[in-house]
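Both complexes shown next keep chain A, but they swap its partner, so chain B is in the first and chain C is in the second.
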Partner chain A sequence: MMDVIAVILLFCGLFFFTGGAVGIIRFPDFYSRLHPAGKLDTAGLLMAMAGMALHTIHDLSMSSLFTGFKILLIVVFVFITSPTATHAIIDAGVRAGLRPWTKKEKEEHP
Partner chain B sequence: MADHEQGNQSKDPLQPLVGPATSAYLQIKKIFQLFLLPVFITFFILFGIWLLLSGRFDLFHISLGVISCMIISFYSCDLLFSQPVNRRIPLVWFRFIKYIPWLLYQIFLANIHVMRLVLHPQMMELIDPKIITFKSRLKSDMSLVTFANSITLTPGTITVYVSVYGDFRVHIIDQASGQALPGEMEERIARAFGE
Partner chain C sequence: MRILGLVIVILCGSILIYHTSDFPDWGHPASPASTHVSPYYIEKALDDTAVPNIVTAVLADYRGYDTMFETTVIFCAGIACFFLLRITRRMEPSVTLYRHLPTGITLRIEKGGKEPDDSNIFKRIDTQWVPYDLIINTTCRMVIPFIQLFALYVISHGHHSPGGGFQGGVILGASVILFAISTDLRTAISRMSERLGAFLSATGVFIYAGAGALCLVLGANFLDYSALAPVLNVNSVMARSHGILIVEIGVGLAVMAVMIWIYYNLSSAGRHDEGL
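Moving on, here comes the complex of A and B:
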């Protein structure tokens, strides 16, 4: 039973990771590509790691509980560092003077 | 130990001068708030992480952990607490922990929204990327950083720039993502940090 939930969670995580990869290819410019690159990964990681933690703690011994906590710590640290890294990348883009892509009709009628 | 506390006290420019007339109790309280309490809190956080990561509970490993955590918290307690510790800090942490489930729920909703955009056949008509600006009423550094990181964690919005006065520039991927800003998220952070 636990394994079924873990596999479902892992597949949901993989789905979000795939979506992130597709989004990087499909979106038009640097700034909008950062949206799927930086953030769909957080949801994918959360689900994949929850699935792995469930699979690990399934025999409920002390060491496996610790391993599960460590896996959750990965999620916590990625949730702190990932937005900071994304912000650093987008800030570098702004400082270098790259203009964001906008829709053409919006540029004609500002 | 005593020398270090004295040095810390005289070096710190933020601390108001303690005249000879004030009682020893106030001085001890100042030292406690400025130096010892941050060291203790940092030590317990570090030691908890040490226990979690090592997973061994024999005397050798625990004493190694105590020694290294003491050294690190002694030298770098001012990284975690740049301002003097006051009584409200545990309350703020408690309210911040209550904020996290709501944030996770928002991240999940927004992830599904961006996922739909990514896989939509007419994606180029749906998206409308631009940079918006707004002013936040949050004051303290910690709440501004939390707000900026929460914005960036929520898919569809990335914080481009934050000033210390609360001016935000946010890159949004479409109108629906930008409408929620600053809105409820700012209110909840303001409540969590007691502003």
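Moving on, here comes the complex of A and C:
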């Protein structure tokens, strides 16, 4: 039963990762591309790592519980650092003077 | 002169390439490495050194001499960067920027102007205007202790899992570099000065070579840690395990200090004034 949930979670994670990868390619400009890169990877990691942690604590022994805890720590740190990194990159883009993409602008310069 | 150099290089290179044909094939079962070297390590490493991670045992014990000079190479890289880039002559920047902290106003001071004291009210900022980066500052301040803790874990846990002095040292160095990026170079230098970096990198190499020399003094071969047993008050197998930890600490110190030292020199083009 645990394994089934773990596999479902892993697939959900992969779904988010795929969405992130597609988004990085398909979105029109720098800022909007960072949106899937920052958000979907974080969400996908949460799902995938939760699945792995569930798979690891399968036998409920002390050492496997610790391993699962360590896996969850990865999620905690990525949740702190990944949005900060995205913020820093976007900040750098704004400071360098890159303008956000708008539809209007695209019609003017096709 | 140049042509002479080219001829020598081509000659040496062709001799080397010619003799590679004498090597046994990669992974050949009858090669010396496969017949007695690797099986020895795989079978005896745990009994000899009490280290479950064979890679660490080979790296720091059986092939300790090699690793010692790898550490020396890293030390030399730091020294070379220092001699190539460091500008000790103080160059007055044409413009300096200060931020008045209570109001957030930025002061631009031309050359010759009176500069405010770097106190709690005025803070010098880089010439490429730096806005407030509260989010990045706070996050880095929160994360850096954990990064350093993890680095220490990687160094000390090299006996049982992937890791060791080089990796842990790089993580430690990266944590200080992250601090330098999230605040500015001057703050990082005030926390960890260049002199301390140079001292620590030399200390790291000294710990490694000193551990080897101590074995020599105690009557064994260079870097044969089993001679440390009476000093460490353990049996000779555990002495080798502890000896590996000692040299890993030396490697970690050297790698950390050299990483930071090279970063200081590269990011500010040797001026240690304003950088990244």
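To be clear about the criterion, the second predicted complex is superposed on the first by the 104 of 110 C-alpha atoms of A that agree within 3 Å, B and C clash if a C-alpha of one lies under 4 Å from a C-alpha of the other, contacts with A are read in each partner's own complex, and residues count from 1 in each chain.
By definition in this document, a residue touches a chain if its C-beta (ideal position, glycine included) is under 8 Å from a C-beta of that chain, and two chains touch if they have at least 3 such contacts.
Quantities reported herein were computed from a predicted structural model and do not represent experimental measurements.
Student: Would chain B and chain C fit next to each other on chain A once aligned, or clash?
Tutor: In the arrangement built by aligning on chain A, the partners chain C and chain B fit side by side.
Student: Under the stated touch criterion, which partner chain does A:Ala88 make contact with: chain B (first), chain C (second), both, or neither?
Tutor: The second partner, chain C, only.
Student: Applying the touch criterion given at the start, work out whether A:Phe77 contacts chain B, chain C, both or neither, answering first, second, both or neither.
Tutor: It touches chain C, and chain B stays clear.
Student: In the superposed arrangement, does chain B or chain C reach more residues of chain A?
Tutor: B
Student: Considering only touches as defined above, state whether A:Gly23 meets chain B (first), chain C (second), both or neither.
Tutor: After superposition on chain A, A:Gly23 lies in contact with chain B alone.
Student: Rounding in steps of 10 degrees, give the angle chain B-chain A-chain C taken between C-alpha centres.
Tutor: 70
Student: Would you check which partner chain A:Ser32 touches, where first means chain B only, second means chain C only, and both and neither mean what they say?
Tutor: Touch status of A:Ser32: first partner only.
Student: For the superposed arrangement, tell me the lowest C-alpha distance between chain B and chain C in Å.
Tutor: 5
Student: Just to be sure I follow: which residues of chain A are touched by chain B in one complex and then by chain C in the other one?
Tutor: Residues common to the chain A contacts of chain C and of chain B are 80, 84, 87, 91, listed in rising order.
Student: Residues of chain A touching chain C in their complex?
Tutor: The touching residues are 77, 80-81, 84, 87-88, 91, 95.
Student: Considering only the defined contacts, which chain C positions touch chain A in the complex?
Tutor: 131, 133, 135-136, 139-140, 142-143, 146
Student: Quick check on the complex: what are the chain A residues that touch chain B?
Tutor: 16, 19-20, 22-23, 26-29, 31-32, 34-36, 38-40, 42-43, 46, 63, 66, 69-70, 73, 79-80, 82-84, 86-87, 90-91, 94, 100-103, 106
Student: Please output the residues of chain B touching chain A within their complex, sorted ascending.
Tutor: Going by the criterion above, the answer is residues 49, 52-53, 55, 104, 107-108, 111, 114-115, 117-119, 123-124, 127-131, 148-150, 152-156, 158-161, 171, 173.
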